[in-house]
Structures are given as C-alpha cells and as structure tokens.
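Going in written order, the chains are labelled A, B, C and D, and every chain counts its residues from 1.
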Amino acid sequence: MIIFFEPEAPEASIAFTEQLASRFPGISPRRHVYQGRSHVVTEVHLIGSTKTVPTEVFEGLPDVARVVRVSTKYRLIGRHDDRSESIGFTYNGVRFDERAVHVFAGLCAVDSPPMVERTFAALQAAGIVTTRAGAYKPRTSPYDFQGLGADCLPWVFEIAGRYGLRVVAMEVTDARHIDEILRALEQSGHATGVMLQVGTRNAQNFELLKQVGQQKTLPVLFKRGMGITLEESLNACEYVASEGNPNIVFCLRGVKTHLGDPHRNLVDFAHVPVIRRQSKLPVCIDPSHSVGGARGAPDGLPDIFHVTGQGLIAGASMVLIDFHPEPEKALCDGPQALRLEQLPRFLSYVRRVREAYEDVTAPGS
Amino acid sequence: MIIFFEPEAPEASIAFTEQLASRFPGISPRRHVYQGRSHVVTEVHLIGSTKTVPTEVFEGLPDVARVVRVSTKYRLIGRHDDRSESIGFTYNGVRFDERAVHVFAGLCAVDSPPMVERTFAALQAAGIVTTRAGAYKPRTSPYDFQGLGADCLPWVFEIAGRYGLRVVAMEVTDARHIDEILRALEQSGHATGVMLQVGTRNAQNFELLKQVGQQKTLPVLFKRGMGITLEESLNACEYVASEGNPNIVFCLRGVKTHLGDPHRNLVDFAHVPVIRRQSKLPVCIDPSHSVGGARGAPDGLPDIFHVTGQGLIAGASMVLIDFHPEPEKALCDGPQALRLEQLPRFLSYVRRVREAYEDVTAPGS
Amino acid sequence: MIIFFEPEAPEASIAFTEQLASRFPGISPRRHVYQGRSHVVTEVHLIGSTKTVPTEVFEGLPDVARVVRVSTKYRLIGRHDDRSESIGFTYNGVRFDERAVHVFAGLCAVDSPPMVERTFAALQAAGIVTTRAGAYKPRTSPYDFQGLGADCLPWVFEIAGRYGLRVVAMEVTDARHIDEILRALEQSGHATGVMLQVGTRNAQNFELLKQVGQQKTLPVLFKRGMGITLEESLNACEYVASEGNPNIVFCLRGVKTHLGDPHRNLVDFAHVPVIRRQSKLPVCIDPSHSVGGARGAPDGLPDIFHVTGQGLIAGASMVLIDFHPEPEKALCDGPQALRLEQLPRFLSYVRRVREAYEDVTAPGS
Amino acid sequence: MIIFFEPEAPEASIAFTEQLASRFPGISPRRHVYQGRSHVVTEVHLIGSTKTVPTEVFEGLPDVARVVRVSTKYRLIGRHDDRSESIGFTYNGVRFDERAVHVFAGLCAVDSPPMVERTFAALQAAGIVTTRAGAYKPRTSPYDFQGLGADCLPWVFEIAGRYGLRVVAMEVTDARHIDEILRALEQSGHATGVMLQVGTRNAQNFELLKQVGQQKTLPVLFKRGMGITLEESLNACEYVASEGNPNIVFCLRGVKTHLGDPHRNLVDFAHVPVIRRQSKLPVCIDPSHSVGGARGAPDGLPDIFHVTGQGLIAGASMVLIDFHPEPEKALCDGPQALRLEQLPRFLSYVRRVREAYEDVTAPGS
C-alpha cells in the first residue's frame, strides 16, 4: 500500500500518518521523497502484509492525496495509477524526466585524449551537456580490448569539465568501478558528473544492481537485458530502487534474435509506451547498439536516425548514441558510430521529431 | 544484368538492345515495363549466365540510362542502385508507391452487413478510399470461426462501392479464393477493387505465391512471415514478381517471440528503411496485429498509435489497421480493434507524423 | 464428449448409443473407428454443446468402456486420458504406431534414376521398406532448383517397387500434387505407397491441411512449423483429422533461432514425450534438417547420429533422414546427407538405442 | 601456437623449449600443466603474434608431441585437434572428465537442516558423493526469497561431510561469496568440497568469471547463458581459464524462447557433441531447469528423465538435478524437483542410458 501526499505536504501530516500506520501489527512505514520539476512529492509505503489494513483509514487524513494498493511487483518503480507522474530527478544541475530531452552522444570506448577532446569539443559546440564514454568494456572474448579502465578516468573527467559536460554515462561491471569513479570524480574537483550504466550482459547481475542501488550519489542508466523479457528487466530496476536509489533511467537497446537481421539486434522501441505505462522511469533508447551499422535508406537517412525517430515519436526522452571523430579507427564498435560531422544534423533531427511527438500528444490534438 | 532505359525510351532503341543481347550465347532478354507516377520506365533483364557479357557493350547504346550487374537474389524486386526508384503502381484509380499515403482501415473479419455498412460509411466520411475486410480467415484451430468465405463477397463489394471505396485488402489462402474474388468483382459490376493479401502463415506457401503472381489483375499485399528472416520474406516476394505480377506491397506485422511481451508480437518496424534499401517495394505496416491490444501510454495515446507513428516516421507509406463499430462483438481479434470514433484522431495522427517524416527528409533539411 | 467402447464392441451397442445421444437437443453423434494392432476400437464423439449432457447416461450402457469430456482443442488427435493408446494405423502392409520403429532413409530431392536406384538398392540390402524422396521442393528463392515434380513420379515409384519399398514419404505443397501422386501410383500398378509430407513452411497452410485430410487413401507426415509453438502445430494436425483422415505422424525437425548455432536449427526433440502426452499421434524425428551438417564429436559419431539417439531414447518411433550416394553431387541439402556406406552403422545405432529405450521403460524397470 | 608435450615429459625438455620460444621477438611462453587420469600433460602456449614463427622449429625437439597453430578464440579451452583429449581434473578425491559419470542431485535452494539431512542421507544410501545446494539464489524479483546465504554454509558443509559427500555444486553471484565459501570450508575442517557454479544470468558477468578463474582451489561449473549463443558461452569459459583456472565443467540448461512451451525452456542438449568437438571441457546437463515441471509421458517416465537420457546418449557425463524430500514445501522451484523416493530409479535410468552410450561408441561398434 502506498500513501501519496499532496505536493509540499507538511512534515507533521506525514509523521502523523507514519505513526498511525505503525499501529497495525506487522506493518512498518517507509518514506520516499522525490524532488520533482516544481515541487517535492512524498510517498509513504507500508511494508508488510497490508491485506487487512483498510485504505479508508488513511484516505481522510490531512494532506493525503490518495491511497493505492500495489502488488509487490514494481512496488517502487511502478506507475500505480494514471495520475502518478514520472517524477524524474535532477543530477549535477541537469534535469532528467519524461519531458527533458537529452542526447548522450559520445564514445562507446574511450581510446585516447585527442579523440576524447575532439568529441567533447564538438558536443560543446552543439550545445550538449551529456555524453557517453566507456572506460570498462565487457567484451565477449577475453582477448578483445577491455577498455582503458580506471587509468583514463582522470583525463576523461578533466576534459569533460573543460568542455562543460555535466553528465557522462559510463558502464560499470563491478562494485570496484563505482569506487574508482567516485574517487576520480572527487580528485577532478567534480569537474563533471557520472551516470552509472548497467549493461545488457549484467541486466540480471543482481549483486551489481544492489551495489549501484546502495550508493545514492550517482544516478543509474539501466539497459534492458538482451535475452530477457521486459518484465524481468523492470524487476531488475526494482532491485536498484529497493536498495535506496530511485534515480533510474530505463534504456532500450534491441533484443538478440536472428529475426533482426540485417540489424545487429531486433529493435524493441515499441516498448517505449509500455515502460511508461508500467513504470515511472524516464525512457532512453540506444539506436547504435540496436542497429549496429551505418547504412541508410533511399531517403538519405541512416537507419540509426530512423530508429532514433521511432523511439522519440513514441515518447522516449533520451538517446544514447555512439559518435567518433574517426569511426574507422575506433577500438570498439566502430562501424556503428556516426561521424562528428553528422552531429548537427542528428540533433536537428531529434529536435524536429520530438516536436512532432509533443504536437501529437498535446491536449486537444 | 539489368539494362535501365531513360524514361519514355522509344521502342526502336529497346528492340535493338534486345536483339543485341540475344546474340550472346545462352542469354535471353526479358522486358519489364513499369508505369511510374509521371512516366513509363523500361528495363531489359538478361536471363542466363552473364558473367562473360561486358556491360560496356550496352552502356553506349541510345536511350540506355545505365547497366547494372545484379545477383539473382531479388532480381526483380531489388533496388539495384541508389538511383532506382520505388516505381509503385496504380490500381483502380489509386496510386500506391513510397510517396502516396494510404490507410487500409477496416474489419479483420467480415461479420454482418450492418457492421460492414457502419464501418464503410465512417471511412467515406473520413475521406478514405482503402479498406481491409477479411472473408477467408486462417485460424489456428479448426474449431474457430473461419470467416464467411465467398458468400459475403457480393454484399461486401456492393457496400464498398456504395461508399466510394476503391480498394479492399483481402486475405486469400487458396487459388480458389482468387477466382471467387475475381468473379464476385465482375458480378458487382466492378463496384470496387481488391488487393490480395498473403498472410504471415502463408509467407512461404510458394504455390499460393505463384498463383497470386500469375494473375496480373489484382495487386498483392504480402505480410512478412512471423518466424522467418527478412531475407526469406523478400525472397517470397520475388516469387510473386517472377511469375509476372510486379504490383506488390510489403507489409510488416511484428515477429513472434516471448521478448515482445506484453505485445502480441515484437514490433519489427525498424525494418522499414531496410526494405526500402534492399527492394523497390512500397512498405505497409500493420500495427493492430503487432500490438494486439488497445492499451495506451500515460501520454493518452494507445500503443497502436505509437507503433503506427514508428512505422511512418521511418518511411512506411501505408497502414493496415483494424477498426470495428463494436470491438467487443467482433468475431475475431476484437481486443486489438480501434473504435470507429477513434478514426478521425487516428487519421490526423497519421497525417501529422507523415508530415514530420517529409520534413526531416526534405532536401537540405 | 467422447464415448469410448470396449474393443470389438458389437454394432448394436454402438448404434443404440448413437440413437440415445441424438435425443439431446443440438447434439449429433459422429463415429470414429480405428484399426489398432490387434483389434478395432470405436469412439462416438458428441458434436455440439455438451455442457448439459450428463456423462452418467452413457457410462452404464453395454460395451461402453468410459466417457470423457474433452475440450474442443485436439478433440480428435488428443490423448484424452492415460488409458487411451496411440492407436496408429496400417498402410500398404506396414504398421505405423508408437511401437513399430521405421527409418525413412532417402533422398531429400530426387535427382536422377541412377542415384535413386543406388539408394533404394542400399535400403533393400539393409532390410528397409520405408524411404523418403522429394519430388516437389519448396525453396526459399524462386531461382533455386524446385524439384523434378510430377515427371519423376513414374520412375521413382517403379524403382521403389522393384526394390521392395512399401512407403515413400513425399512432400506436397499443393492439392494438385496429391492428384498427381495418386494417378502415378495407380499407373505404376501400385508398385509402392506414399505418405504425404506437409513441410514446415506449410505447417499453417490450412487449405493444404484440409486437402490432405479430405483424402483418406494416403497417410500424412506432418512436420512442425519452425516458428510456431507446439500447440499451434498440434492444432494444425487437428485440421487434418477433422477433415476425416486420422492417419497422421507428427515429425519434429528443429526450430529456427540463432541459439541453435552451429546447427542449422535448434533441435527440439525434448518435445517427443510432450507430443505423446498430449496427442495420440506416433512421433517421428528428422535429424538431418535439425542438424544440417555432417560434423561429428570426438567419440566418432556424427551429430546427426547423436540427435537421432536423443529422439529415440525419449520415445520417438520413426526417423526421417537424408542419405545420398554422393552427397557432394546432391542438388539440395547435400552437406547434411549421410553416405550410403554409413547406412548399416546408422541402422545398428538406431536399433541399439531403441533397445535401451525399451529396456528403461519396461514394466518394473 | 601451442606446443603439446609427450606425457610425463621431463622438465629439462620443457624448459629448453620455453627458452627457445623466448628468443622470438614479441613472444612469451606460458606453461599449462594438466593432471590427467593416468599421467601429467604439459602444454606451452606461445603468447604474442606467432605469424612469423615456424612450427618446424619446435616439432623436432625432444619430447614434443606436436605443435598446433590456434586461433585466439578458445585458446585454452579449445579442442585444437582430434587427438587432444578432454583431460579433466581431480578435485577432493573425485575425478571429473568426459568418462566419469556424476549426478549432482540435491536442493535448488537450501531451506532447513532437516531437509538437507534427509536429502544427503538419501544420496549416501544411493552411493552418491556429489550434490547441489543453493545458498545464494539470484531471483528475478527483489521481493522473492534470496537464499539463506553465508549463514547456512557451516551446517550444510557439516552435514555433507557427515554423509560422505565430497563435492557440493553451489552457485555464487559475487566475489564475496567465494571468500565466504572458502572460509566456511576451512572452518568445517574441509568436511566436504565445493564446485563454484556460475549461473545462466551471470554467464557474461565477466568480473565474476575472472574472480572464479583467479582462485584455483575450487573448480567451476559454468551454465550456458540463456539468451546467448553457444560461442558466446564458450568464450565466457575462456575468461575463467585465461585467469588461471582450467578446472571447468560446461553445463547446458535450456534456452529461453516461446518455442519451448510447455517446457520452461527449450532443451538444448543437442549441443552436447558440439561442445565436446569445440572444447576440451567435460559436459554436464541440467534437466530440472530445462524442463521445469514434473509431468511425464504415457511410457511412465517424467520428461525430466527423458531429457536426462537425451543428454547422456549424446555423451554428457554429468547431471545436475533438483531433488527434494517434499517438493511442495520447497522455497524455490519446487514443481521441478523430483522426490527422494524417485532417486534409485533415476540413478538406474542414468546408468543404463550411459551403458547404451558406451555401447554405441565402443570401437568397432
């Protein structure tokens, strides 16, 4: 059972409600506070078997907006009724929710300071404050390039700071990486920020999910597991939230099946509206790993543009996308990277499709 | 090898080229004439092993635009070079190609004259001339409703004609059905027209493909097979074309895998640009069978709208979609049908997303 | 509802039961007679809504063994209770059921009289009376070899007869093929017999299923559809049975998914016991199309042997397998064909694994 | 490049070869020693680019058996030529290789000392020294039972020791678990041994793979990832080996797809011979998680028996299988557990099918 309070509900009302809830045997209240766009929203979750707890007891209390019985599934991340919003979060001065559009353009794998510098400079020139940069690369074979690891963090963060980048999405595959990133961020004087990325191969690495959930400093970008159902992936996000970190972005990146050929994966962006219906998480799409190549249609647009448009027109608000100054020299996944020269056109494309989305969903449209 | 001629190339030039080609041992020329939007385009295909035939011989000839060596794969339906267009076709006064947008809204299964009448009246009111109406229903179990069959054709065609519908998409599962349809159309005084639909379960029913290819009166709407690759589906269309009927529309309808849950199928509309790159066929999407339900996102739009938008923003020009006056009374697939009241909003949605597509692909955009 | 009679129940008892059933409004009885190994078994099916018909009325009647309410799903092919047997059938002097083991070894595609002769001679030498021979080949591309068609039937049947082969499994893809086969069999003086094969691509070609079901002369070997569930495939067999032909063998042949690599398909023979539990159909396996290659394990056995063993040890009683005198010259699927020299070892392998199966399932084992 | 030495090759010959190899620029030799059934086998792997290193240089050296160029893929676990054996390993007095048959029968999740005691007593009575016992359970939802964790290790190991069990297969999901197990084993006075299990959800958790590879005390049982190809899974094992631990067992457990219905997963045991051809790893099968239920065929055997037989008849030498004294009370996956009373019949079944396998692969068979 979740008790939703009116925005800016006073502490007294919340505390009283918690006290009341505690009197039911076996029930303990747990408070969750979300910082929304314009106001603070509080929920009190009743933990324990609430079968015999009547909702009416709480519905009449001061400042209580409504009371909803929820299944344990998706208790924290679920969108339990139509009125609840994707509240989102603010990190390092940047707002992430279902209305703010962000493009995390950047390097699948960090390779060298000059490449990073050229990329980040292009982002700044385009007015972007979010990027991606892979330091720890999970690779199918132990003999493939595994990423530069902790060594590159100092100069990556320094350059990011220099070009005004506020948030770097960065995959981690071990708790140790989180520590290394936090330390390097501190040593850089917090030149930039990091969103921890949980990759598709670790989508059900529950220990890692708990670890990114236990720290509350950095938000989490979770990528759908490639051989698992959407439900299993949402359950994985619930692990993160249940450890205490509600600042999660859900990212689609295609699923693996021969039916997706000639694309690298079968693009699954039709699930954008499903995620929004079932959860409160803002939705990101990764067109690069979905498509896996740079070929285009006779209309002049690469497939990567087209599937980006598909995510946006259905309501995704974030895009994670590979760019590289010289894709043919990239150490990892070069063929799917767009060239920096394509960045302005890509951003213009994103803006225009998003406008179309806002247009078709405007009230009265 | 394909010899492309300039538009409106004179008969003399074409005939001379054919004569010349015939002199190479083992080679026989075959002429293909396409009626495009504004002019007639002719191709001469050289059948036989062309390995030792030099392209230069033909490249200098009068009215020859260019000469392309093609693999036998997709010889007829393939888009063999960037300059070749999806030529499309005109049927019963309606233009079908990659620029003309059409919505085939209608009944998954024909049930009764009043339902058909209400549906067709709504289409006319909305200014639509294309519809779908299922008379022959392939059903998983022999004990399910199998469609009204040939009996309903006379009154379906009569009502269609009365409401100005020009083309009815109708699935056939046997050569006999083609004959029945042709006869009923004639008996109706050609009140309307029919586009023969090959369903996903018959996507590799090569005998049926040959039969719809051998008749050239009615165009063909081919639906991707649900457990086969895109390449296998395009090969199936090549069967139709190789029997003589080039008037084919390729329709995506989702693929079957548990990874698509909670949708009925995993939506595969990311393949729209791939089909356009690999073939000259105009592309249709079927959001109803892909999604299989009427639920929506918090932005107020049903998933069926969202995936329709995904197809259109990537370049599809046709939509096959289930509507029903009373979905709860539909004999087949009711849960996925939209209500007639939703038609105007749906059409407005289609128009606006298509405009966005045209905007982002306009030259210089 | 199905009324099962004791073996050899007298006509009077059956007729009386049918009369009684007819008195219930909306109910019509339909009699099904199966020729088992040692006796004739009769069932009377009550067609119509039997919700209000009590089973007790029939249970006390003379010669009635038992009365079972069945779902409409698998009404005819279903194994409705543990006591019911896979009754099987006899065709052209050969018994097919869940106890008789048969190997349909032969040519995926008929190519030439000498190849057919060498193959059939080897079968006779090995004591086999069942074979496979493909005259009509459904191929992915229209430009691939499509089989010799009706032309080869006379000499294939003549050679088969000469070498004592009683049943040739032969794929058909159109009703016309059934007629051609029946005519050629007759013209050959019934030199041999044919089991009509419905291929994986036609597993939901319901028109073809009805056509092989409407003729009762030839039995049917149905191959599971490669992208559909087992339930959908069993429903397809119910189509055949519901048209009147109960002589069906169910054949597994692997399902298509990238997870099966490096095999051509993911072998699905774990479904052998499921098919036997859910239906009365005897089960065949096709190791050649499942594996698609001739490589072997360090224990000296090719994968094709290993998966054959997997089918047999789980209770399959038939094997459909490609052999060729010179696989490298085969017109179709050569790489997966075993060489005729391997036939004796293969048959010995089959016999020994089947013995192990009988050993582990023997009463008291 | 791998230099294989004759069994029991003297140190001097190996050291000389290493010296010689070191003289090639950019090449460093790495020695791998395997304890086989009857003798010690040594390989020297040349690390670095060996393109310009001639094999002839080493082929003539004393005690060198042969020299093989290998791709980097599967360098350590690969079966690089037909003569190389699955060498296997001995742990805690038990031999694991492709000839020794072991059944790891036990509890999917440890629940209580009485249940564990009843299970282990039954195993001892049946003459078994290997078991499975889950202390750390990775569960889809954070609100499901997560296993008893480190707390249960002392009494699980104590009871195991008391009933003569030598090796307990136990899943770990974090490096911390390895430490906890090693400590508890030591505190128990090494009452038993543990084989670390890497579960299907962690099949590409490369950090975990490295960690189980870095310790060399305990062997590793690796379960195929459920949405990934066999090649990707074998690459994962190469991670373990490349960190220093060659004692790996490869376990198949079915793959996830709707095509496996009504089984929990689509059984993939046809890959047994493929793993043996491509790698030197002994192969285990997990029939419980593949099938996921206890239903049986009309021949009286549960599907779990049937698929076990399928693994064994194709050459698997180990079985991981769920048993429970009272499946209806199991905290996890109860429906798929066999009852302890079924153990003797199961073991007899395993023995007889294995005998059949040995019979059909015996030389001259």
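Assume contacts are C-beta pairs under 8 Å (C-beta built on N, C-alpha and C of every residue); 3 or more make two chains touch, one makes a residue touch a chain.
All values derive from a computational prediction rather than experimental measurement.
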| item | value |
| --- | --- |
| Chain of greatest Cα-centre distance to subunit C | A |
| Pair sharing more residue contacts (C-beta pairs) when A-C is set against C-D | C-D |
| Centre distance in Å when subunit B and subunit C are each reduced to the mean of their C-alpha atoms | 37 |
| Centroid distance [mean C-alpha coordinates] between subunit C and subunit A, Å | 52 |
| Interchain centroid distance [CA atoms averaged], subunit C/subunit D, Å | 38 |
| Sites on subunit D at which at least two other chains make contact | 227-228, 256-258 |
| Subunit B-facing residues of subunit D, complex | 256-258 |
| Sites on subunit C touched by subunit B in the complex | 72-73, 75, 138-143, 173-174, 201-202, 204-208, 225-228, 232, 235, 238-239, 242, 256 |
| In the complex, subunit A residues that touch subunit B | 79, 82, 85-86, 227-231, 255, 257-263, 266-274, 276-277, 290-291, 295-301, 303, 306-307, 309-310, 313-315, 348-349, 352-353, 355-357, 359-361, 365 |
